[in-house]
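Have a look at these structures, which come just after this line.
Both complexes below contain chain A, partnered by chain B and then by chain C.
On to the complex of A and B.
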């Protein structure tokens, strides 16, 4: 089982997936993300470095996370999406809605 | 019966109205770029509704549709452009019409006054086209069962330009992709490869939150543009058809009722203020939307071959059903039993074949094949028969139509209907209904005269209209004949001319039959009054386009005073036709048997005899007539093979090297089609062309041959028009040739004024030099110091006579004198002669030597008499030597003369003129180089390069014309800047334009000396 890395700096949470985002992994990731949301959240960043595969369930998870974060008043971002995945999300018009970028941006800072 | 008819009318009107909204919006969108076919289509729809409503006494419907029709007519004739206001009013009007048609009984109580006022206002103000609504950024698309979809206008335009359809696809990522084991990345990549994803809406709410179970469903809606046809989409996407809706289809105009607005103005869904609504709807495919009415109404975009090509579509179109009544079919029980039997036979034959194949029994195969062949044909035949309806179904409404119309017009008409049992395929019957009705109405309205007119011309007061249907040579022939006043080809041609639908040259070249056929042009009506009954000349073009679309032809035979016969020929069925298969190169083509007249095989030595060239076209000599020849290879732009065919003179040509020609007929014209080889005659199944080649006129459809290869079915009429074989082209060419001959004739003409010197001596002077002629008496001539003058308008007009300078008789004692006034060196002078005077045009050569002397420039023989040609300029020089050139000119010239005289190159083939002009030029101080034709002029120019300052040239000359010379001069750097003056007898606008185009600076009529000199001075800068 691949380990997921979670960095937290008070309200800012960065989740690094370390592996594919497919149906088999969804339950485990769902539980993990849900736990993170028990704490107050300002921004959640999903780092897709190392994620080569994304399937429908995986997309479902991303959207569900986005919804949940939104309910808690936080912002949601996806970074480091590999080119094929980025293209897919672009075709699906999800890049803007889920705030997806293909590269990592500046270190999470606490303003 | 009455109810049936009314229902039919309502039904038809609904169909017309169904497409009008979409069409109006499309017309509005096109703005200045008027799509005439589309406007015509809407116009005809309004016209049909108006016609029927009048028939059924639906007054308000008639009033409103009449007004709408007026406005549409203005759109059609481009007096008005469809802007937003016009479209809104029209949309509102048609909405109201729809409402009224749906409850006809109450339609008379409806309030249409506002709309009538609006429409009238539009029509009477001939509204100037307003600016197009500014381009919007987005477009809203509709389809049944989905909320409106917004895409960018740019995307929509691009889709339209590329001929792409825009689909709305309801996907579920989980069900349609994951659960099917598909890879979503791959799916979207493939989508991207087969089209463009214009937009994608994922339903975030449906995805739930982290508290919900993930992976149940993920619906999304995709807006996708692709060239792929609707029936391929389910396969591509691996989802059921119901989930795919068409939002936009650029090819088919088979738009059906939209979900969109009942409100007159397009209701913008977006906040964008000028969002336009394009209403389209799913194409009826067999499994989808069976209750959507499929149009039997005219579809102007589709071409004649669509009829054959619609074999498959026609099935679904009608099978799709118009109303509940039309979803079913009545079939004779005996026929059904036949079908059952045949099905049984088919099974047996198949078993036989299978067994023969399995056992490799070579003997049994041919037997089995034959049986299978027979059964299949019989089965096909029987099934076709289930779709046959007697044409009497359509004929049934005519008695009433004729009766009511003849009562209204106070004519007495006897209707004779024959052949009610002739059966035709359903779709053909439906398609014929409108055209036949129009033709019957025309026969009553325009054909048969009133009883008074008839008795006056010796006919019986009761006219007869005969409607007959019969089978003839594999086709169904329907005739509508009347014994009325016939069609006057001249009146038809005149009407067409007046409306600018045709040019005078074309008319000149047309036969009576062609002129009569002009009746099929849209926009033509020869009725003196635009009566309500047959209206604005819409009838016959509706008829023709409908019949063409069904794969039929219509001909007119008419005799003034005797009557007319309209003959419609229809194929029996659209789906399967016997055809001749031919080959060009590697490709096979099918020519419907009905179009094939004969086959020819010409050996190379025959070819020279039988194939000629007329103008630029090749023609074939076929016994007693000449028909155009089209080389299919050339038309298809394939490389030509060797030297087969025209011009080949190889001895010992073999059979294989012969030229194979199919003589085809389009019903109204024949031509020869040269192909590489003939193959068999086959019964082929007509498949419609793919949407992207549907627009090609030369193909009517496609088929798969026995060996599995694809063959395209030729539309011989379309091919003819592509090869530009229209009779009009021929006529135009002939007319051109005639015109050219006429010009040549005119060019050589010279006009002279004849007058008498001595009573028996007739002289001539070039007419162009004559300003006016005055009759005087000898008393009016004043002689002082040997110079004669007369008083004219307060001044003295100096006179000269031939005898003063030349060795001719003097005028003598004639009482009636004529003074021929010309202008020489800027002054008026009169040549004194005797009456009578006359003017003559002649092409006779002018002799410039025999009688040449001072005052006489030459002579010409007219009517066996020799006439001396007076040279007024020389006469003046002799009589008034001190006149010379005006002061300024002289000074300038003497200055210029001290430097160098300017050199003019003069090109003129007539010796006489050349001598004249040379004299004028030399008198004015120019040095003249002369040449009798263009080529020699060019040579002289080259020999004297650098010294020629100007060129004066005639236009019509042998070897090289004046314009040719001008072009050459302009095209050569050495001479390009030399001024050129052209002299010609012809100075029409065309001629002048041609001259300027060739590079001529000044185009003058022969022969105005002063103007020529002035022209030269203007073009040549003085020192």
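On to the complex of A and C.
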């Protein structure tokens, strides 16, 4: 059993994934994200530090979330994607779309 | 466990029920097995493709029918690994999806078979489409992270 966590600071939302984002785990995270998206949102950051595997169902959820955040006028990005996951998203031409940065990138936090 | 060992040539077979949680369990075994038997560098693509095919077999092939199962067989003959997945569904017209390109970035589905053909060295379906056979090639030692 995984325990994804969400930190909120006003309109900023950071989602820390605990474990893999695969078909069996999509419904749980989807429900969590839906609740977050009921509130106003300026930026959502999905932290994949704890994620070793991402499949097409997980990719689908990330795209759906990106679309929903965008419709609410917010920004979306993914940080700390492990190299194989970064390459997978690259091969699906989603790195720029989903604003993905890998584990080797330095994340600069403003404010 | 998947198998006690996988020498130069070895085979194994697993039958799982039509539940996604069974995919997780099988893939965890596979992850450990890859580490133990010289396939560590191929662990991610192997697991990824296995997940895509098993998810398809369970959700689309068997339509999550708990009475139906999925059979997975693996044969290792280094440097090749052959994986065959068979469901109990009616199959699908795989010819219609051959050559499919990357879907639009805002589409939330339609990437499973593309991922499979991207990461497996060779992919083949049986005529009815309820069985897929995949081939993976072990990376040369110089490119492998195995110790």
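Everything that follows uses one rule, which is that the second predicted complex is superposed on the first by the 102 of 111 C-alpha atoms of A that agree within 3 Å, B and C clash if a C-alpha of one lies under 4 Å from a C-alpha of the other, contacts with A are read in each partner's own complex, and residues count from 1 in each chain.
Operating definition for what follows: a residue touches a chain if its C-beta (ideal position, glycine included) is under 8 Å from a C-beta of that chain, and two chains touch if they have at least 3 such contacts.
Only a predicted model underlies this, so the values are computations on that prediction, with no experimental measurement involved.
S.K.: Contacts for A:55 in the overlay, against chain B (first) and chain C (second): which applies, first, second, both or neither?
M.R.: Touch partners of A:55: chain B and chain C.
S.K.: In the superposed arrangement, does A:24 touch chain B (first), chain C (second), both or neither?
M.R.: It touches chain C, and chain B stays clear.
S.K.: Where does A:91 make contact in the superposed view: on chain B (first), on chain C (second), on both, or on neither?
M.R.: both
S.K.: Could you say whether A:37 touches chain B, chain C, both of them, or neither, answering first, second, both or neither?
M.R.: Once the two structures are laid over each other on A, A:37 reaches chain B alone.
S.K.: Tell me the contact category for A:71 with respect to chain B and chain C: first, second, both or neither.
M.R.: A:71 sits against chain B, while chain C stays out of touch.
S.K.: Name the chain, either chain B or chain C, that contacts more residues of chain A.
M.R.: Higher number of touched chain A residues: B.
S.K.: Does any part of chain A touch chain B in one structure and chain C in the other, and if so which residues?
M.R.: 23, 53, 55-57, 59-61, 63-64, 67, 84, 88, 91-94, 97.
S.K.: For chain B, which residues count as touching chain A in their complex?
M.R.: Those in contact with chain A are residues 173-174, 177-178, 183-185, 188-189, 191-192, 197, 199-202, 204-205, 207-212, 214-215, 218, 220.
S.K.: Would you tell me which residues of chain C are touching chain A in their complex?
M.R.: 20-21, 23-24, 27, 44-45, 47-48, 51-52, 55, 59, 102, 105-109, 111-112, 114-115, 118
S.K.: If we count contacts the way the header does, which residues on chain A are in touch with chain B in the complex?
M.R.: Against chain B, chain A makes touches at 23, 26, 30, 33-34, 37, 53-57, 59-61, 63-68, 71, 84-85, 87-88, 91-94, 97.
S.K.: Mind listing the chain A positions that touch chain C in their complex?
M.R.: Contacts found on chain A: 20, 22-24, 53, 55-57, 59-61, 63-64, 67, 84, 88, 91-94, 97.
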